[in-house]
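Both complexes shown next keep chain A, but they swap its partner, so chain B is in the first and chain C is in the second.
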Partner chain A sequence: MTRMGWSVLVGIAVIAAGIGLASLRVNPYVYFAGYVILQYVVIATAWNILGGYAGYVNFGTPAFFALGAYAAVFLIRSIKAPLPVLIVAGGLVAALLGLGIGYLTLRLRGTFFSIATLALSVVLQTMIINWEYVGGSRGISVLRPSGPPFGSYVTFLFTVMVALAVVAVLAARFIERSWIGRGLAALRDNEEAAECMGVPTLRLKLFATTVSGFFLGVAGAPFPYYVTFVEPNSAFALDYAVNALAMPMIGGTTSWVGPVVGAVLLGTASQVATVTISSELNLLIVGVVLVAFVVLAPEGLVGLVRRLRGR
Partner chain B sequence: MTPWRRPLTWALIAAIAVTLVLAGAGAFTARAADPIKIGFGMALTGGLSANGKPALLAVQIWKDDVNRKGGLLGRPVELVFYDDQTNPSTVPGIYTKLLDVDKVDLIISGYGTNLIAPLMPIAMERKLTIIGMFGLANNEKYQYPNYFQIQPAGPDPQTSTAIGFFELAAKQNPKPQTVALVGADAEYPQNAMVGARELVKKFGFKIVYDKNYPPSTVDYTPIVRAIKATNPDIVFVASYPPDSVGMLRATHEVGLSPKIYGGGMVGLQFTSVMQSMGPMLNGVVNYDFWAPESTMLAMPGIKEFLKDYQARAEKAGVDPLGYYLPPYSYALMQVLGQAVEGSKGLDQQKIADYIRASEFSTVVGKVKFGKNGEWAKGRTLMVQYQKIRPMASEKETIEQFRGPGKKIVLYPDELKSGTIIYPYSAAKN
Partner chain C sequence: MVRAVEAGYGAVRVLHGVSLEVREGETVALLGTNGNGKSTLIKCIMGMVAPAGGEIFLEREGRRVDLTRKSTEEIVSLGIALVPEGRRLFPKLSVEENLLLGAYRAQARAGIARNLAFCFEAFPVLRARRRQLAGSMSGGEQQMLAIARALMSSPQILLVDEPSVGLAPILVSRVIAKIKELKEQYQLTVLMAEQNFNQATKIADRGYIIVHGKIEFEGRDTRELRENELVKKYYLGV
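Presenting the complex of A and B:
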C-alpha cells in the first residue's frame, strides 16, 4: 500500500473514532469544546497552506471564515439548503476570494500582502453590515433543522467537524509531500530564484491561496448552526486572525503536524481558560505563548522536538 | 544548538506547563454542600462590559440578600458565571458547560439582545425556563412559552420607545406641528424610527425631515445643520451611544433649538455619558427605564438595594450610580427567586407556569408578564434632564445625578415626578 493510501486509512479511522465518540454520548460539553478545537484545526491547517508552505502571511482569516459562514446563512435563508451543500458552497465562495487575493500576490509581497489581507477583512465586514438580507449589523438567528442523524445536533456537528478536520489535514499533507509543496517551499525561500529555476510561481500561489481560502470557508460554513445566531462582530472576530497565525507558529509551520498540534494545544488551553479564569487572561495566554515561541522556538514545537532529538 | 539555549528551552516548556496547570486549577475549587446553583454568562469584557459588570454586581447582591434570609427552599444559593466577552459565539459553549459540567439548577441570560439570541435554541432544546436581561424582541421569532424578559418594553417593542415622547409632544401648548426624524442605520434605531413614523401619523404631525446616517459617522454638524434648515418643532433622534453624544454636541454647536428634542437616544442613561455631557443634557426629553425620582424610589426595597449597590460599586470600580440596568437585574433575580419559592421546587416547567400566572413584587415595581414573555404592559419612561449645572470636577458632576430633580419622569402619568420645561430652549441653558 502506498503512503498516501495509509494516511487515508488513518484519516478514516479518525473519523470512525469521532463517530464512536459522538455515539458514546458523554458529557455534551465535550462536543461543544471539541467542535471549537477541531474548527481551529481546520483553520490553522488552511492558514498554514498559504502562510507556512508559501510564506505569505494572511491576516484576513476572519474574512474567509465569515464568508463561509455568511454564504451558509444566505443559503439557509433562501433555500434551506442541507449542511453538506452549505459546506461545499461556503468553501467555494471563500476559494473564489482566495483566487482573487492570489492575483494580488503578483504585485504585493511580504508585509504589503499581509496589510492588504487585513484590509480585506474590514471591507468584507462593512459589506455584510450593510446587507440586510443576511442580518446586517443586527445579526440573524438561525434555526437548526430538527431530527439530526444522531443524538443532538451538536454531536452531529462535532462529527462533521471531525471529518472536515481530517480532510483538511490530509489535503495539507498531500500538498506538502507532492511537487506542489516543494514548489511552494522554493518560492517561500526565494521567489525570484524559484521562478528562474522554472517553478511556476504564479500558478502555485494561486493554488495555495485558493485551497487555503476553500478550507477557511469550509470551517466557517457550519458556524451558523453551531452558534444559531450570526452577527458581524463575532463572525469577523480578531480571534480567528490571531489564532490562525499563532497555532501554526506554535506547532511549527513547515509540516502538517504543526498546525494540528498548535490548534489542539492552544484551542484546549483557551477553552479551559474561558471557563476557569477570566477571558482577558485567555488572550494573554495566547500572546505570551506566541511571543515565547517566536523568540525561543521559531520553528515551533515540531522544530523543537526535532532539535532535541537531533542532538 | 548553542549551549545557552538549552535551559531556556526547558524554561519555556516549564512556563507553558505552569500556565496550563494554573488555567486548570480553577476547575477544581471546592463546592459548598448542596446549594442551588444559578448559572449565566455575562459581558465582563468587550463592548457591553460597562453595563455587564454592574449587572453582575446586582445579581451578587441579590444572592447575598437571599442567603442572609436563609436561601431558597432552605438551600443556599450559589452563582456560577463566566465572561461571554460580549461575543455571541461563546454563549453556546458557556451554557453547555454550565448545564452539563457545573450542573446548575437554573439559568438566566447574559446582558443584551445579541447575547440572549444564541441562548434561545439551547433553552428550547432542553425545555429550560429563561429570563432575559434587556433583550429587544428576542422571542418574536421563536415564541417560546418559557421565555420571559425583564426589560419593560412591553408587548409592542417597535413603538415602545417613542410613544411617550410623541404623546408628551402632542399635549404641549402651543402644540408642535412639524417633526424631524433622524436615526442611525442600525438595528435598534431603525426599529424605533418605524415606530416613530407610525406615531407621527397617529398624532397628526407633519414630517419635514426623515433621514438615516451611517453608524460610522464622525462629524454630526452637517446632519444637524440640515435638520435646522427645515426648522422643525420636534426633533426625534434614535441613536446608539457614540452617535447620541455626537448628535447632542452638534446640536449645541449649531444652535438647533426645536420645541422638544430627544426620544430614542441610547447611552444618555449611562452614568459615564451623563458625566461627560453634563449641562449639555439640559432639556433633552429621552426614554429611560429608571430615574432616582420619588415615584421610582417609592417601590419597596429599591432604596436598600441602591444603598448596598452604591457602596459596593465604589469598591468594585463599576458604574457608581447603577440607575440603568442594576435595578432590573436585581428584579430579574427576585422574579426567579419568588417563582422557585412559589412553585416549591426546581422543576423548569412549573417555574415557567408560575411566572406566567403570577404578578411579582420587585424593586422596580409590580411585574406581570404577557405576550412573548414581555411585560404585559410596557413601562418605558420619558424623562427630561433639568437644572444640570457645570461642575469643576467629574466627581461633582456625578454627584448631581445621585439624587432626584435632575432626571424628571414625565411619562407615564402614574410615575410622573415633575413637569416638562417647554420649549426645549427654555431648559437648554
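Presenting the complex of A and C:
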C-alpha cells in the first residue's frame, strides 16, 4: 500500500476511535472540552498551511472562523440546512475570503500583510454587528436539530469534529509532502529566489490562503450548534487569533505534526485551567508559553525533538 | 536575441535601447560596472521586469518565441535558467532541497534523478553537504550550489548574473572555470553579466560593454575586448 493509503487508513482508525469514545458516555464535559481541543486542531492546522508553510502570518483567524459560523447561522435560519451542508458552505465562504487576501500578498508582504489581516477581523465584525438577520450585536439563539444520528448532540458534534480534524490534518500532510509544499517552503525562505526558479509563487500563495481559509471556516461552521447562542464577541474572540498562531509556533510550523501537538497540549492546558483556576487566565497562559517558546525553542517542539536527536 | 529594449523601475529609466544577440553554443559576456543595467537586462530576459519597449525573443528551429509576454515560469520552462545575482539561495532549506527547487517546473521533474546525479558529480562538495542548510555554507560553495540549482532544470541557455560578487579572487577563478567546464559538458549557451573584466574574458567567446543602459562597445572576440584600451580605462577602470 502507498504511504498515502496508509495515512488515510490511520485517519479512518482515528475517526473510529472517536466514535468509540463518543459511545462510552463518560462525563459529558469530556466531550465539551474535547470538541474545543479538536476545533483547535483544525484551526491550528489550517492556519499553519499559510502561516507555517508559506510564512505569511495571518492575524485574522477570527474573521475566517466567524465567517464559517455566521454562514452556518444564515443557512440554519433561512433554509434549516443540515450540518454537512453548513460545514461545506462555511468552508467555501471562508475560502473565498482566503482567495481575496491571497491577492493582497501581491502588494503586501511580511508585517504589512499581517496588519492587513488584523484589520480584516475588525471590518468583518463591524459588518456582522450591523446585520440584524444573523442576530446583530445582541446575538442569536440556534436550536439544535432534534434527534442526532447517534448519542447525544454533543457526543455527535464531538465525533464530527474528530472527522474534520482528521481531514484537515491529512490535507496538510499531503500538501507538505507534495511539490506544492516544496514550493511554499521556497517562497517562505526567499520569495524572490523562488520566482527566479520558475516557482509559480502567486498561484501557490492563492492556493495556501484559500485552503487555509477553507479549513478555518470549516472549524467555525458547527460552532452555532455547539454553543447554541452566537454573538459577535465570542465568534470573533481574540482567543482564536492568538491560539491559531501560538499552537503551531509551540508545536513547530514546518510539519503537520507541530500544530496538532501544539493544539492538543495548549488546548488541554487551557481547558484544565478553565476548570481549576479561571477562564480568564487562558490567554495569559498561552501568552507566557508562547514567549517562552519563541525565546527557547523557536522551531517548536518538533524542532526541539529533532535537535535532541542530533539531526 | 534582445533588440532595442527599454526598461526601468517606476520613473527611472535604466535601459535605453539595448540590443544584443547570443547565438547557440556561445558564451557571451555582458560587461559593465555596477549600476549600468546588467541585472535589469537579465531580469527583463527572465520576465521579472517588464520592458517598456523593444523585443526579447528566442529563435529555435526557425520558430520565434516572444519572451516579453511570458511569465518567469514559462521562460524557465522554455529551457532558460538563471543563476541570480547574490546567489539567492534558500538559506534555511537543505542543499538537496535547494537543488530540487531548481527542477520545479513540470518538464524538469522527470529528469530529477539524472540531473541530481550530474550535479553531485560536477560538485562533489554538494553531495557531501546535501543535508546541510544552504545558508551555512561558505560563499564559494553557495555560488556552486546556485549554479547547480540552475542546471537542475536541464536548461539550454544559462544566464549568470555576477558570479564573482562577494567571492575571494581564487574562488572567482574556480567558479568561472566551472562555468566553462559545464558549458562544454552540457552544450549550453551562456550569457554572463559580470564586472570582473579579466575573469569574464577568460571564458567568453565575445562580449558587450554596457554603460549607463546603452551598449557602448561590442567585441567580436576576447581580443577585441581586451585591446579596447579606451573602454577598459574609462568604463571598467582597469
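Just so we're on the same page, the second predicted complex is superposed on the first by the 309 of 311 C-alpha atoms of A that agree within 3 Å, B and C clash if a C-alpha of one lies under 4 Å from a C-alpha of the other, contacts with A are read in each partner's own complex, and residues count from 1 in each chain.
Keep in mind that, in the parts below, contacts are C-beta pairs under 8 Å (C-beta built on N, C-alpha and C of every residue); 3 or more make two chains touch, one makes a residue touch a chain.
Here the structure is a predicted model, which is why all the values come from computation and not from measurement.
Student: State whether A:Arg307 touches chain B only (first), chain C only (second), both chains, or neither.
Tutor: After superposing on A, A:Arg307 lies in contact with chain B but is clear of chain C.
Student: Would you check which partner chain A:Val227 touches, where first means chain B only, second means chain C only, and both and neither mean what they say?
Tutor: first
Student: Now for A:Pro84: first (chain B), second (chain C), both, or neither, which partner does it touch?
Tutor: Neither partner.
Student: Which of the two partners, first being chain B and second being chain C, lies in contact with A:Ala186: first, second, both, or neither?
Tutor: Second partner only, chain C.
Student: Output check: A:Ala273 vs chain B and chain C. Expected answer is one of first, second, both, neither. What do you get?
Tutor: After superposing on A, A:Ala273 lies in contact with chain B but is clear of chain C.
Student: According to the stated criteria, A:Pro298 is in contact with first (chain B), second (chain C), both, or neither; which is it?
Tutor: neither
Student: Taking the superposition on A as described, I'd like to know which of chain B and chain C A:Gly198 touches: first, second, both or neither.
Tutor: Second partner only, chain C.
Student: Looking at chain A, does chain B or chain C touch a larger number of its residues?
Tutor: B
Student: Touch test for A:Gly287: chain B only (first), chain C only (second), both, or neither?
Tutor: Neither partner.
Student: Is there a shared patch on chain A that both chain B and chain C touch, and which residues make it up?
Tutor: In the superposed arrangement, which is not itself an observed complex, chain A uses no residue for both chain B and chain C.
Student: Flag every residue of chain B that touches chain A in the complex, lowest number first.
Tutor: Per the touch definition, chain B meets chain A at residues 1, 5, 8-9, 12, 15-16, 19-20, 22-27, 44-45, 47, 82-83, 85, 87-94, 96-97, 99-101, 114, 117-118, 120-121, 125, 141-142, 186-188, 215.
Student: Along chain C, where are the residues that touch chain A in the complex?
Tutor: Chain C reaches chain A through residues 46, 48, 71-73, 75-77, 82, 84, 88-93, 97, 100-102, 104-105, 109, 149, 153.
Student: Taking the complex as given, what residues does chain A use to touch chain B?
Tutor: Touch list, chain A to chain B: 27-29, 32-33, 36, 136-139, 141, 143-144, 152, 154, 223, 226-229, 231, 233-235, 237, 269, 271-280, 285, 288-289, 292-293, 296-297, 304, 307-308, 311.
Student: Within their complex, state which residues of chain A touch chain C.
Tutor: By the definition above, chain A touches chain C via 179, 182-183, 185-186, 189-190, 192-200.
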